[in-house]
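Shared between the two complexes below is subunit A, which pairs with subunit B and subunit C, respectively.
The block that comes next holds the complex of A and B.
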C-alpha cells in the first residue's frame, strides 16, 4: 500500500477511536451500525466484486450469524463469548452447504438458487416461533457487561470489524485472492492452467459467509436484538446496493456505500417517511451514471491524473 | 390404501382446488416475467411492484364505478391497462437505453424501480389495507364434495387456461411473437434484416407488465390489498420462472403448478411450516435439473 492512503487510514482509525468522547449516544450507535453494515457489504464484495460470484442473498449469512448467537445466548444458555464465536461458524457452515448445492450453476441461476435456499431459511426462522421468536424476533439479548454499554459495544465493534477487514484485505492480496480475481476475469482460462475453479469459489463463499456472520454478531452486540427481516431478500439487495454505490472493485468502497446508505436512511427518514424512494432514485442515478461506484470513479480520475503527470 | 383414501378426502381435494386457483395468479404473473426474461433478458424485480400497482388500481377503478358488476369488470379491464401504460413509460424512458448492460446491473436497476414504486404506492394509496368487493354473483360459495368452495375461485380457474391460450397464440401464431422469439436468440441478426427490434422489445415488455397488472387485478378481490404484497410474490414468480426454464411459458405454467400445489398441500401436512414446502420443491427441482424443467430460451 502506498504511503499516503496509509496515513489517511490511520487518521480515520484514530478519529473513530476518539469519536465516543465527543458524540451523543445516538451517533455512537449509528457509527457502530455503519461499521457493522460496512463489514457486511465488504464481505459481500469479497464474493461478488472479487470473486465474480452472483451472491444475491448474502443477508442470510448475516442473519444466521446473528440468530445463532442470539439463540445460543437466550434459548440454550451458553456463554455469550462462546456464542460470538459460534455465530460466524454457523454462518460459514450454512455458506458451505448452500455453496455446495449452488456452485454447479452459473451466474444468474446461481443467484436465484441461492435466493431460494435463503428464502427457505428465512421461512423457517419466520415460522419457528418457539425457537427463533418467529416474526417478532428476539429482543433484549443480554450481552456481557464489559461490552454492554454503548461505548463498550462501540469499541468491541471497531476492534472486531477492524480485525475482520484486515484479514479480508490480507486474504484478497494473497495468492488465493489473485487466483480468485483471475477466475472472475476468465474462469475458462484459469481452469486451463490448472486452477480448481469450483474449490476456490467455494472457499471464497465460505469466507464471505463467515465474515457476514461476524457482522451478524456485531449487530447483536450493537442492537441487542435480531429479527427475521435480517434474512429477507430485500436486505440482501440493499447490501448489494451499498457495495455497488461504493464501488465493486475497490476494497473500502462497500464501507463507504454502507455509510451513505445507513446515514441516508437515518437522516432522510427523520424528514420524510419516503426514504426508500430516495434510495431508489439514488441507486438509479448510480447505475446510470456511476456504474463503477463512487470510490471506483475517484480512483479512475486519480489514476488518469497520475498517468498524465507521468507522461508530461 | 389408507394413504390414498386419505388423499381423496374432500378436504384435500378442496385444498387442491384452492391451490390451483393460487396457481392461476402465480402463472399469470410469472408468465409475464418469463416473457420479459426470455426476450429482453431483464430480470425484472419491479414486476412484483407492477402486480401490486395493478391490485391498487383495481381498487380505485372499482370504487370509481361504485363497486358492483360494472366496477368489477372495469377494474379487471382498466387496471392492467394502467399498469401497461406505466411500463410503457419506463421502458421507453430508461430500459430501452440499457439493454446491453450486465444482468446484475439490470437486476439492481429494476430493484431500484421496485423501491420507488413501493413508496409511490404509499404516497398515492397510503399504507392501510384495502379490499375490492366482488359483484354479487361471485360472492358466496358452492358445495364441492360437501365442502364450501368460493365461486370467485372458479372464475380464477377459468381465467388461467384463457390467459395461457391467448399467450400461446400471441407467442407462437402471430408475426410479432415470431419476431420476438427470433430476437431472443439473435438480436443483431433480426435487426440486420430490417426489423425494428427496439419496438418489438417495447411491445413484449408492455405485454409482460400487462400480465403483472392483470394478476394484481384478479387477486385483489380475494386478498387484502396492502403495501408489501409484492415482496413475497416477486420472489415466488422468479423461482417459478427459474424452475420452469427461463423464457418458457409452459415452464412458467409447470412451475406455478408445483409452487401452488406444494404450498396448499404443505399447509395440510404441516400447518406451521406450509410456506417452506415450495422453496424445498424448488431446491429439489434445481438439484436434478439445474436449468429448469423445460427448455430455456437462454
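The block that comes next holds the complex of A and C.
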C-alpha cells in the first residue's frame, strides 16, 4: 500500500542529491534555504497541526538556535561542531522555560503570552550589541571547511534536515504522537482516559523547539550569518502561513508550503517589492478553496479515488 | 466502593450541586435521575475530577480522591463516557480506542516506536466486545450518532475501570440503538463485574437496569434507594415523576 509514496520519496531524494551538479550556486543556496525553512515549518506544525498548541511565536526558537550557535563560534570561540549541537539544545531549553510559563493558559491565551515572552527575547537580542551584534546581527561566521563551500553546506543541510524529518515522523507515529493528536482533538477526553495533558504538551513543545533550533543551525551553515529578524514575530507568521498553505494536518505539507513561499519571495520580489501582495492573494485562495492546504487536498482526492477503486 | 458526601459546587452564585450524597457498592448498577439542570452531569464531572468541588468529599475504595485531576482519577479506576459525544474526531475508531489502551498501559511517553506495534490485540478485543469492529477504519466524525455513543463506552472501557460512569449513554439514540446499548451495559455489568454509575432521562431504561436510583433536584439529593422504593417516594413523585 505504502509503495507509491515511498518511490516518490526516493525519487525526490535522488533529485536533491544530484541537484548541485549543473545548477548555478544561487539555486543550490535557494534549495538549501527552502529545506531549512521547510524543516522549521514542519517543527512548527509538530506543535500546531499535530499538537493543537497555539504556537504563535515559533520563530523565536529558530532564532535562539541560530544565535546560540553563532555566538558560541564567534564570541566564545568554541568549536563549530560543538556549537551545532548546542544550538538546538539552547532552543529546547528556552522552549522548556517558556513552555512551563505558558502552558497553564489555554488556546489563544497561550499564544498571546508566547508572543510577549518571545518579543522579550527578541528585544534582548536586538539591544545587546556587545554580545549579539544588535540590529546588525553577526556576519561572516566561520564554518568548518568540510561544509564551508556551497555544495558542502547544501549536503550538510540535506542530511541533517533529512534526519530531523525522519525523527519527527517517527515521533508523530509513536504512541506519544498518537496521544498528542488525541489531545489536539479533545483535551478533556484525553484527561478522562488518564493522559496528563499538560505534561505531554510540554514535551511536544520542547521537541518542536529543539527541531526549530536544528533549522536555526542549518541557516547559520547556509547563510553564515544571523540577524534579529529571525526572532521577530513576522517570521513566525510567515512559517505559520507555510504550514497552513501546504496542509497542516499532513506531515510534508509545511515543507511544500515553504517551497512555495520562499520561491515566491525570491522570484516575485525581483519584479516588485510588493511580493507580499502575491502571497496575500495566494493565501486567500487557499483558505477559500483548500482549507486543509494543498497537500491536504491532494490526499483527499487520492483517498477518494482509492475508495472508488475498492468499490468498483 | 464510591461514596460522595455533602458535595457542592456553584458557578457564579448558582448552586449547581448542593450537598449531594451518593453511595455506590461494588458490582451495582446505579442510576442518577433528575430533571434537566438538576446537576447530574456536574456531579459526574466533580467525581471524575473534570472540575473541582467547593465543598464535600469523594471517597473511592476507602481513599479520598476529592479534587484529584481527571487523569489521576482515571488511573485510580474510574473512567467515564460523556453526554455530548466527546471523541477524537479526526482519528479512526481503532485509533480512538488504542489511545485509551495506550494510556491505560502507561505507554503514552514511548516516542520512537511506531504506535502500530502496541495495543493491537486489546483494541480489537474491545471493539469486538462492543460490536464496532466492522467500523474500525472509519474516521470517527463519519460514524452515526449511536455508534459514536457506543465508541464512547469503548474508550471508557479501555481504561480498565472498576467504576464506569456513563453520562446519558442512550441520549439521541434510536429505539433499536437504545436496546442494543442496554444489552451492552447489562452484559458489561455481568461479564466483567463492572460497577456502573449512569444518569439517564429514559425512565424505562432506568427502571429496567438500575439496582439503585438516586434522585437529584436542583443540585440536591432528595432520595436514594432501590427502584420500587424510589417510585413510591412521595417527594420524588411531586418533584419529578409528576405523579404520573
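Note that the second predicted complex is superposed on the first by the 311 of 312 C-alpha atoms of A that agree within 3 Å, B and C clash if a C-alpha of one lies under 4 Å from a C-alpha of the other, contacts with A are read in each partner's own complex, and residues count from 1 in each chain.
Here is the rule we use: contacts are C-beta pairs under 8 Å (C-beta built on N, C-alpha and C of every residue); 3 or more make two chains touch, one makes a residue touch a chain.
The structure displayed is predicted, hence computed values, not measured ones.
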Just to be sure I read the superposition right, which of the two partners does A:124 touch: subunit B = first, subunit C = second, or both, or neither?
first
Let me test your reading of the model: by the given contact rule, A:240 touches which partner, first (subunit B), second (subunit C), both or neither?
first
A:165 in the overlay: touching subunit B, subunit C, both, or neither? Say first, second, both or neither.
neither
Regarding the shared-chain residue A:291, is it in contact with subunit B (first), subunit C (second), both, or neither?
first
Which holds for A:105: it touches subunit B only (first), subunit C only (second), both, or neither?
first
What's your read, subunit B or subunit C touching more residues of subunit A?
B
Look at A:174 in the shared chain and tell me whether it touches subunit B only, subunit C only, both, or neither; answer first, second, both or neither.
second
Quick one: is A:279 in contact with subunit B, with subunit C, with both, or with neither? Answer first, second, both or neither.
first
Applying the document's definition of touch, where does A:53 land relative to subunit B and subunit C: first, second, both, or neither?
neither
Which subunit A residues lie in the overlap of the subunit B contact set and the subunit C contact set?
none
In the complex, the residues of subunit C that touch subunit A are 48, 50, 69-72, 74-75, 79-80, 82, 86-91, 95-96, 98-100, 102-104, 107-116, 118, 155-156, 158-159
Residue numbers of subunit A touching subunit C in their complex, please.
170-171, 173-179, 181-182, 184-186, 188-197, 200, 203, 249
Hey, which residues of subunit A end up touching subunit B in the complex?
54, 56, 101, 104-105, 107-109, 112-113, 115-117, 119-120, 123-124, 126-128, 232-234, 237, 240-241, 244, 273-274, 276-277, 279-281, 283-284, 287-288, 291
Within their complex, subunit B touches subunit A through residues 43, 45, 94, 98, 101, 103-105, 107-109, 111-116, 118-120, 122-123, 231, 235, 238-239, 242, 272-273, 275-276, 279-280, 282-283, 286-287, 290-291
